[in-house]
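Here subunit A shows up in two complexes: once beside subunit B, once beside subunit C.
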Partner chain A sequence: MVTNQTKTIDIAKDFSPVPAGRHVSDGDYSGEFFRTSILRPALNSFATVEVVLDNTEGFGSSFLEEAFGGLIRDGLSAQYINEHLFLIANSPAGKRYKAKIRQYIADASKLSH
Partner chain B sequence: MAAAWDGTLAAIVGGLAGAIAGIAATTLTNKTNRTAGRIEKRIDDIEAAAELLRVEAISYWSTAGAGDSSVARKIITLWETVVTKVDSLEDFKNQVGDLGQVNACIDKLYDLITGSDFQAKYRSADQDKVAEIRGLCTSLCSHLHTSRRLVNRWRHFWKRRSISKSQANDRKNGKASEVR
Partner chain C sequence: MSARERKRVRRLWITRRKRQVWLEQMGHIRLIAPRKLHPLSEHSGKKRFVRTITPPPVLDLESNYEETIALLKSIRFATRTLNAKFMIDLKALQEVSPAAALLMVAECDRWREKTRQKWLRAVDAAHWVPSVRRRLKEMGFFEVLRTRNVPADATVPGEDRYVPFLTGSRNVGPPAAALRKSIEELGPALVDGSALYDGLVEAMTNVKQHAYRAPDGSDTQRWWISASVNTTQNRMTVLVVDHGVGIARTIARDKKWELLRRILGPLVVKDDAKLLSAAFSLDSVNRSQTGEEHRGKGLRENIKGYVSTHESRGHLHVIANHGRYRFQRDSRTKVESEVSSKLETEFNGTFIEWVIEDYGHQPNQDN
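Entry: the complex of A and B
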């Protein structure tokens, strides 16, 4: 059941300050694990989900692509993701990550058609 | 007598105006030099961080590996350092010009270096990727050189301008004294 509430996921606090890797086989805090254990369940249960990107030790594009681009391969549409998922970043690198995530979602969407 | 006083007063006023113009020109030149120095220091820092990133990234992708997560983390930190330093250059857009191409290089480097099997449990060496990293780092440095040239051009423009203004004032004051 989807509530009208907003769920905030602070990756550094709620997942790991050191996220790394693409697949679950790559390590304990991979993009795939973040998507399947935290992000996708939140999108299933809440009307909007905010993801805070600051305060981690940074992300590889392998992590970000799998975590966010993987939502498309999971069956969600880019439109749905853009309407329900909000990214929060204040640092210069965080802002780059934010733009990259939007790009990975768009790229995965193009590939899925 | 009154005419002599007028002449003396005019000379004093002219001299003062010349001195003030000279001080203003020197102040402007000094300020321009300081700003240009600050910008060049930032460009130096970006180049240094980009060089470290290049070395680490090439080493990472030149060899197959497993369990070298600290190297991967170092690469991400270096990339973030480059991003933060380039971001600090945005305050000086008038002097360094458009940073669009620098930013495009940094974005491409991010995808190239930290994509595919980056931070994977086992990683194969990828010589094509190494060649691409080299090429992109060369492009990045070339765009930074362009920014550096623009800063120098800006510095010389203001230097020339302040010198010519100062000379014009000297000439004006000299002519005023000669007329009197």
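Entry: the complex of A and C
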């Protein structure tokens, strides 16, 4: 059931301050694990999801692409993601990751067509 | 010929072949590790013959690549054939670069792993060149050897300081964060620590893709990372090494291969230097419609990206298989250069080095 509420996911607090890797086989805090265990269930249950990108050690491209670009390969459309997923970033690094995520979603969307 | 006789002939042939291989190996061992007389212990007058590998005076991947790699290959060959019954005479070593030091630590770590029941010992450590001993000690070489009571060597002001190496094969986030912490303990906070983290985790995650089953059963998914800093010159060097198949071979196995063949031509794709160069500038491939284009961004965006986005000067140096790749950038002059070259002697694995100038910043300005 989808509620009208907003779910906020602070990656550093709710997942790990050291996210890394693409697949579960790469490590315990991979992009695939974040998407399947936290992000996708939140998008299924809440009207809007906010993801806070600040305060982690960083993110490799593999993590970000699999976590967010993977939503497209998971069957969601870019339009749906843009309407329901909001990225919060206040630090310069966080803003850089935000731009990358938008790019990965757009790239994955192009590739899926 | 009866079946029994055929079996007997086959057994004889196998025995003969094994003997031939053994003779060939021992011939090579005589060349790389001749028997030399060594005292039984430091205080003993008695001596015995020990197979001894003598390193060149300088170990450096830039100025003495061939001899450096030859030493590492000799250590690996001797480990396999002599079952660890040999010594490396490090008294002969006058100078070792950070990269070569990490490669030697990794090789000895692998040696230790293979010979768990035996102890590797540091012999005559008191007679090693002090700067070499200090460098190896700071990097954790003596922890690999489990050597205690290593002479303490004072740090000379202005010299590089090293952080202990870390190794593993999975969960790359915590060691990448730990390396950053170790670097910052030796000097100022990093200007862009998150970009270093991104580069490190991508380099270490890639190792899994380079992995294969080694003939000696060793774990080729392992990586070793270390770093050095020179606070006087505000310069940092970060190193990653693995013993996998190497980036150039990985590209040749993945889905971009066919596209590369079309772009570069069938002859060029046999050139590891050109393959490496292409791997770091494959934007057009990533945007194309073949295979898994969503993968492979880490090489350019994070590994090369740490230098290309850094607000100072720096270079990326990658060695894999028969190729060497170097990317250099100066953000002040906006000058970038990219060079790749072919290597005669193959590097078994991948080596990545970032050298960043003006790496340190005032606190609270990171991120």
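Just so we're on the same page, the second predicted complex is superposed on the first by the 113 of 113 C-alpha atoms of A that agree within 3 Å, B and C clash if a C-alpha of one lies under 4 Å from a C-alpha of the other, contacts with A are read in each partner's own complex, and residues count from 1 in each chain.
Basically, a residue touches a chain if its C-beta (ideal position, glycine included) is under 8 Å from a C-beta of that chain, and two chains touch if they have at least 3 such contacts.
What you are looking at is a predicted structure, and each value in this text was computed from that prediction instead of being measured.
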Exercise for review: Using the overlay on subunit A, decide if subunit B and subunit C clash or can fit next to each other.
Suggested key: clash
Check your understanding: Can A:T36 be said to touch subunit B (first), subunit C (second), both, or neither?
Key -> neither
Review point. So, A:D28: does it touch subunit B (first), subunit C (second), both, or neither?
Key: second
Exercise for review: Figure out whether A:A93 sits in contact with subunit B (first) or subunit C (second), or with both, or with neither.
Suggested key: both
Practice item. Kindly classify A:T48 by the partners it touches after superposition: subunit B alone (first), subunit C alone (second), both, or neither? Key: neither
Check your understanding: So, A:S62: does it touch subunit B (first), subunit C (second), both, or neither?
Key -> both
**Study point:** Contact breadth on subunit A, by residue count: subunit C or subunit B
**Key:** C
Check your understanding: Looking at the overlay, what does A:T8 touch: subunit B (first), subunit C (second), both, or neither?
Key -> neither
Point to revise | Shared contact residues on subunit A - subunit B and subunit C | key: 18, 20-22, 25-27, 57-63, 65, 91-93, 100
Revision key, fill the gap. So, in the complex, the side of subunit A touching subunit C is made of residues 16-22, 25-29, 56-63, 65, 69, 73, 91-94, 100, 104, 107-108, 111
Review point. What part of subunit C is in contact with subunit A in the complex they form?
Key: 170-174, 176-177, 180, 192-198, 201-202, 204-205, 208, 286-287, 289, 293-295, 297-298, 301-302, 367
Exercise for review: Report the residues of subunit B in contact with subunit A in the complex, numbered from low to high.
Suggested key: 69, 72-73, 76-77, 79-80, 83-84, 86-87, 106-107, 110-111, 114-121
Exercise for review: Would you pull the subunit A residues touching subunit B in the complex into a rising list?
Suggested key: 18, 20-23, 25-27, 57-63, 65, 91-93, 96, 99-100
